[in-house]
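This report concerns only the one structure given below.
Residue numbering begins at 1 within each chain, and the chains themselves are lettered A, B, C, D, E and F in the order written.
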Amino acid sequence: MRNDQRENNQLRPITIIPNYITHPEGSVLITVGNTKVICNASIEDRVPPFMRGQGKGWITAEYSMLPRATEQRNIRESSKGKVSGRTMEIQRLIGRALRSVVDLDKIGERTIWVDCDVIQADGGTRTASITGAFVAVVLAFGELLKSKSIKQMPVKDYLTATSVGILSDGRAILDLNYEEDSNANVDMNIVMTGSGEFVEIQGTGEEATFSITELQTMLKLASEGLEQIIHIQKEILGELADRIGETAK
Amino acid sequence: MRNDQRENNQLRPITIIPNYITHPEGSVLITVGNTKVICNASIEDRVPPFMRGQGKGWITAEYSMLPRATEQRNIRESSKGKVSGRTMEIQRLIGRALRSVVDLDKIGERTIWVDCDVIQADGGTRTASITGAFVAVVLAFGELLKSKSIKQMPVKDYLTATSVGILSDGRAILDLNYEEDSNANVDMNIVMTGSGEFVEIQGTGEEATFSITELQTMLKLASEGLEQIIHIQKEILGELADRIGETAK
Amino acid sequence: MRNDQRENNQLRPITIIPNYITHPEGSVLITVGNTKVICNASIEDRVPPFMRGQGKGWITAEYSMLPRATEQRNIRESSKGKVSGRTMEIQRLIGRALRSVVDLDKIGERTIWVDCDVIQADGGTRTASITGAFVAVVLAFGELLKSKSIKQMPVKDYLTATSVGILSDGRAILDLNYEEDSNANVDMNIVMTGSGEFVEIQGTGEEATFSITELQTMLKLASEGLEQIIHIQKEILGELADRIGETAK
Amino acid sequence: MRNDQRENNQLRPITIIPNYITHPEGSVLITVGNTKVICNASIEDRVPPFMRGQGKGWITAEYSMLPRATEQRNIRESSKGKVSGRTMEIQRLIGRALRSVVDLDKIGERTIWVDCDVIQADGGTRTASITGAFVAVVLAFGELLKSKSIKQMPVKDYLTATSVGILSDGRAILDLNYEEDSNANVDMNIVMTGSGEFVEIQGTGEEATFSITELQTMLKLASEGLEQIIHIQKEILGELADRIGETAK
Amino acid sequence: MRNDQRENNQLRPITIIPNYITHPEGSVLITVGNTKVICNASIEDRVPPFMRGQGKGWITAEYSMLPRATEQRNIRESSKGKVSGRTMEIQRLIGRALRSVVDLDKIGERTIWVDCDVIQADGGTRTASITGAFVAVVLAFGELLKSKSIKQMPVKDYLTATSVGILSDGRAILDLNYEEDSNANVDMNIVMTGSGEFVEIQGTGEEATFSITELQTMLKLASEGLEQIIHIQKEILGELADRIGETAK
Amino acid sequence: MRNDQRENNQLRPITIIPNYITHPEGSVLITVGNTKVICNASIEDRVPPFMRGQGKGWITAEYSMLPRATEQRNIRESSKGKVSGRTMEIQRLIGRALRSVVDLDKIGERTIWVDCDVIQADGGTRTASITGAFVAVVLAFGELLKSKSIKQMPVKDYLTATSVGILSDGRAILDLNYEEDSNANVDMNIVMTGSGEFVEIQGTGEEATFSITELQTMLKLASEGLEQIIHIQKEILGELADRIGETAK
C-alpha cells in the first residue's frame, strides 16, 4: 500500500469549486488530495504586440506558490526580483497545453490570462493547475458566449493532466503526492485530451534512468487516471460541457 | 444609506477561519465583506543578521495580491521584478503593528514571517490583513506553547485595524469598501490595541484636506468598530485568548 | 531641556535659499537644524500615459539621500538596483501632499517633477522635503506665469510639514532631531495647509502605543510649529506669496 | 525527401572537435549540420552551499546563444537583465541529464560547471549541447584522472540526445533542423544512455496533439539515431572511452 | 626577451577568418595570439528612437566573454542580471571607434549591431575586437552594396587597434598578452585610422604613473604595429578594400 | 574668444569649500565654473572580501548626478534599477586615479569610500570630481592622523584633473564647459600628479580623429592648467599639504 493507503492506480480525491473568486471571468479552486490551487482565467481585449492584426487570440499562463504553501517557507519571487526556472518551466507548460485544445482563430484578438496560484502544495501542483485551469478557461469562454462576444465555444476537446512515476522498489504509481515524488526514481507528467491524444509528455529520471517497458506501464496508468478526471471536469461544467468540440462539427 | 445598504457606523460581515492552510504554524482566512486574505504565520528558528546574539526575536510581514484579486488584472510583482511602493508601505505597516503588541524578548531568537495574500479584494485589504495576521500570530505562538518552546504567550494585547473616511458629501463612514474608498475625500487607517491605545494612524486627504473636527469624528467611528472586531478575534482564539497579556501579570 | 537646548515646543532654525541650482524651474536649499535638502522642481510639457488627453497636469516626487548624508554611510539605491521601502513611502507622501494644494486642472498637460535630495541628515528629512518642495513648486509656477504659459497661480494654499513625538519620559516634543527620533516612543508626521486643515497625519508607535490624549497634545504642538514655518515660506516667496489661492477668488 | 535531402531516419553530419578552447578542463566544439555549440566543462574545487559536507560533487549547466547565432539577432540576456524561460528550461535539462550518468559520490566535493554556448543555430541546439557536453565532461574527468585527483572514471554510461518529430504531413523524422522544427506538429527530445535506457523524454504538441502510435514510431527513430551518435562520441574519447562504466565493475 | 619569445616591438600572430558564422551580414573570427573573438555585424533596418527621422544610421557594439574564455571561470553577466562596468566601458569604446570611420549619413536609417564575443582570452580582447569588428562591418556593408541597398562603401578609412605598455623593468612593449598585462605598470590602448590619425587613446597607470617620454615611446610602438595590422585587414577584404574611402573622392 | 569670454588656455574659476558636509571624515564642495560637485570621503574599518588578510587598504569611488543637475532632467539610476555605462566608466576612473597616489600599504585594512555627487553640471564633472575627491581624501587621512590611527600621511603626491579639446575650427582649448564639450571634435581628460607624471589619459574623437601634433598641443595645455589647480588644492589643505609625500622621505 502507498503512504496514504492508496492503490498504485488510484487517484487522490479531486474537487473543483467553480466561480471561486468573484472578479475573474473564469475561476475555480481545485483540490487534489492536499494540493490546492486557485485557477483564474481573465479575458483581456487585446493580444500581445507580436500577434496584433492577425485576427486571432492568445492564451498565456502564470504560476506561483504562496510562500508557505510548502512544508518549508519559500522566499517570494517578487522579493528575489526574479522568477525561478522551475516556475517558468511550469507556466510555459500550462500555457502550451491550454493552447493545444483552444481554437485561437475563434476568439478574436483577445488574450486569456490564466493564473494558477498554489495555496497549499502536496505534489502534483503543475498537473492540478492544468486540470483546474482548463475548467476556468471554459467558464471564461462561457461568459463570452453569454455576452454574445463569441458565437461558438472555441474549446476543441477536454484537457487534463496527472503524474505517474516509478518508486525505488520498482512499483509504477499514479498521481504522486509530495513524499512519493521526493522518493521516486522516475517522475512523468502527462497531459492528454478527451480523445486520448497526448498533448505533452515529460518524463525525467533525475539521477536515474528508465526502460521502454517502464515507460509503457506509466503511460497506461496515466491514461486510466485521466479518464476519471475528465468525468469530474464534465460534471462541474454542466451545460458548457456539451459545447466542447462544437467548432469541429 | 451606503452603496451596500450599511449604516455609516456599520462594519461589513467578518469571518475568520482558523487553521486554513496546513503547513504554517498559524493560518487563517479572513473575510471582510468581499475582501478575502489568507494570513499565514511561519516560525523560523533564527533572526536576521542585524539581530543575532541579542536573545530576542523579530516579526516581519509580506503582503501580496493575486493578479486577479481586483476588478482589473494586475501584473505580478515577480514578473515586474520589483515590489511596488504600495506593497512595501503595507507590509512595513503590518510588521510594525504586530511588533507593537508582541514582547520580542520573550520569543527567543526566532523570526515570525507573516504572509498576507489577498485572494479577493474589495477595499480594506491592509486592515483586514492586520486583523487576520494578529490571529495567525497568536495561533503560531499557541504551537510554541504546546511544544513548550516558550513558556508564556508573548502577546501583550489585542491588535486590530479598520478604515474610516469622509465621503465627498461630508459623511464620515466606517470600513470603506472599494467603491467608497475610490470616492472618498479622506481615507484613514487606524490600528488599535485591545486597551484602546493607538498603534498607527494614517490619514490622507488625497487631493483634499480635512479639519480637526472631522479627524475627531473619524477616530470615534474607528474606536467603536474596532471593539466589535476584537470580539470576533477573541471567539476564534478560544483558550488562547485568555493567555493574551499574561506576560504583564 | 532637550539634547540641543530647545524647548519642547521649539522648532530648529530654518533657512530656505531660493534658486539654489541653476537649471530647474524652481529650486531651493532648505536647512532645518543640521538637516539639508536640495528641492528641485522641474516642469515637463507632458503627463504620464495614464493621464493623457484629460487636459490636466500631474505632480510626482522623488526622494533620495547622498550615501554619507547620515552618520553611517549607506549603500546607494542605484548600486543595490532597487529603491527601498522607506524611500518609496517618503516620495509617495511628498507627491500626494503637493497634489493636495495644487489645482491640477489649471496647469495644462504638464508634469512637475519634484526632486528632494538630502545632502545632510539629522532627522525630519521628509518633512523638510515637503516644506522646501512647496517653495520650489511655487517658484516653478512663477516661471510659468512669467512666460505666460499659465494665467493664474495654480497653488490653492500653503503646504508645510513637521514632526512631533513622545519621548520615553512622556514629554511631547516638536521637530525631532535624529537622536530624539531614535529614542522616541511615538513619531508623528503632520502635513498641514495654510488654513490649518490636515493633509496627512502619520503617527506610529514603533513597538509602543499612544493614547487619544497624547494624540491631541501632539496635534496642538504641530499646529503651532507649522504656523511659524509658513511665515518663513511667505517671506522667501515675496510677491509670489500674494498669488497663492488666487484661483479660488 | 526532406528539405536538406535527408531520409526520414537520417541524422545530419556530426563532428566533435576535442580540446577546442585552451583554458577549460574539458572543451569541445560540436557541429550537428549547421548547428555549432562550444561545450566547456570547468572543475571547481567546492560545491554549492546546500551540498557542503556530504563528500559528494555536483554538476550544473548553463546554456546561451550568441545574439546572431540565429537568423534574426536576439537581444542578449545580459542586456535584458534576466535569463529567459527557454534558456532556464534548457540548462536545467542539460544539468539533470549529465547528473544521471555520473556517480557524484566518486568526484569529491567538486562542482563541474558545463557551459554550452551556441555560436550558430539551426535546430537541435539543446540536444547537440547534451551530446557535446557529455564528451567535455568525460575529458574534464580525464584531467582529474591524469592528476590522480580521482581514481576511477566516475561516468557510468554514455549520454546522448537527439530530437524526433511529426511533420504536418504525418511523416515521423529524426534530428529536425530549424525549418523542420518550425513546421512540425510534434517535437520530441530524447536523452538516452549507452545501454538504451531513457534519461529524459519531452514530447510537445504545440497547438497539436499526438497518438500513442506516433509516440512509438518516434521513440524507435530516436533509438536508432542515438546509437550512431554514441559511436562518434566513442571515437573522439579514445582511451577514455574504455573507462566509462568502470565504477560499476 | 618577452615571456613568449617576442621582441618588444613584435605583434603576436594575427589571423582573420571571414564569413565565420552563417547568419550575420558580416562575420569574422579574429585570432591574436591565443585571444580569439567572434565579431558579427548585423544590419537592422531601423534606428533607435532618438535618431528616427534624421535619415542617418547608427552603429552600436556589444562585447561579452564566454564564462571560461579565461583561466578562471567567470559568472555569466546574464546570471548576475547586470552588465559589468568593464564590459560597458569596452562596448562603448568599440561602438565609438567604429562610428568615427563610418559616414553614418550614407547608410540610411539602419543600425549596425556589432557583437564581439570572446571565446578565448589572453589579453588584448578589446583591441582584437575593434580590429575584427572593423572587418565584419566592411563585410556587412559589402552585402548592402551587393544588394544595391547603398551605392557607396560608407567606410571612410581603416580602423585598427592594439595595446602598448610599460613593464615594471621600464621596457615599453607592443601587444601585451595576459601575463604581461597583469604585470605592466602602464597599459595603453590605441585606436588609429589608416591615415595614422588617432581615434582613441586610453592610457592608465593603475597604481602607477608615466612620463611624457614614456608616452611618446608607446605611441611610436603602437603606430608601427598598427600599420602591420592594416595590411592583414586589407588582404582579407580583397576587392572591398579598394572601396574604403570612396565617399571622400 | 570662447563662449564664456575665456582665453583658450584659461581655466574657469575654481573654489573648494572644505568640511562641507558634517558626517564624512573628509568632505568638500568643489565649484569649477558652473559645475558643482560634493565630494565625500568615508572611512570604513574593513576591506572588500577579495583583499582581506593582506594588511592593506582600498579606495573605491562612486559618482552620481542629481536628476536636475543638467539642463534636461535625467531619470534617476535608482529608478531605472541600474547604473549607466557612463557612470561606471567615471567611477572606475576616479577610484583608479586616487589609488595611484595613495600608498595602500600604509592605511591598514580600511576602505576609503569616495562619493562624488554632482549637484550642478556644466561640463568637466569627472575631472572636477577627481580634483575635489583628492582633497576630501587627504582631509579624511588627516582625521586618521589626528586620531593616531595611522602615523604618516599615506598620500604620495598631488592628484588633479582637467579636460582639453579641439573645437571644430581647430582651436585647442583648456577646461571645456558643456556647450564647448558638445561641439568639440576631440575631448581629452588628463589626470596628473604634482610631479607632472600622467596617471590617466583618455582622448576620444567621437565621430572624428586627431593627429599626433594636436595631441601634443592638448597635453601642453593640460599641463599648464593642472599646475594652477594644484596651487588651489595646496591652499585649501593648509598644514596637511606639507605632509603629502612624507612616506617617500
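As a working rule, contacts are C-beta pairs under 8 Å (C-beta built on N, C-alpha and C of every residue); 3 or more make two chains touch, one makes a residue touch a chain.
A quick note: this is a predicted structure, and the numbers were derived from the prediction, not measured.
Following the contact convention of this document, C is the list of chains adjacent to both chain B and chain F. The minimum number of touch steps linking chain B to chain C comes to 1. Put simply, chain A has to spin 120° for its C-alpha atoms to lie on chain E, with the angle rounded to a multiple of 5.
Taking the CA centroid of chain E as reference, the farthest chain centroid is that of B.
Counted by residue number, the contact pairs of B-C are over half the same as those of A-D, the matching pair from D-E, C-F or A-D. Centroids built from CA atoms put chain F at 29 Å from chain E.
Chain B has its Cα centroid 34 Å from the Cα centroid of chain A. Averaged Cα coordinates give chain C a centre that lies 60 Å from the centre of chain D.
Within chain D, contacts with two or more other chains are made by residues 81-83.
Beginning the circuit at chain E and passing next to chain F, one meets the chains round the ring in the sequence E, F, C, B, A, D.
Chain D meets chain A in the complex at residues 82-86, 88-89, 91-92, 96, 99-100, 104, 188, 193, 196-212, 215, 219. Per the touch definition, chain E reaches chain D in the complex via residues 21-24, 27, 34, 38, 40, 42, 44, 62, 64, 66-71, 73, 76-83, 87, 113, 115, 117, 119-120.
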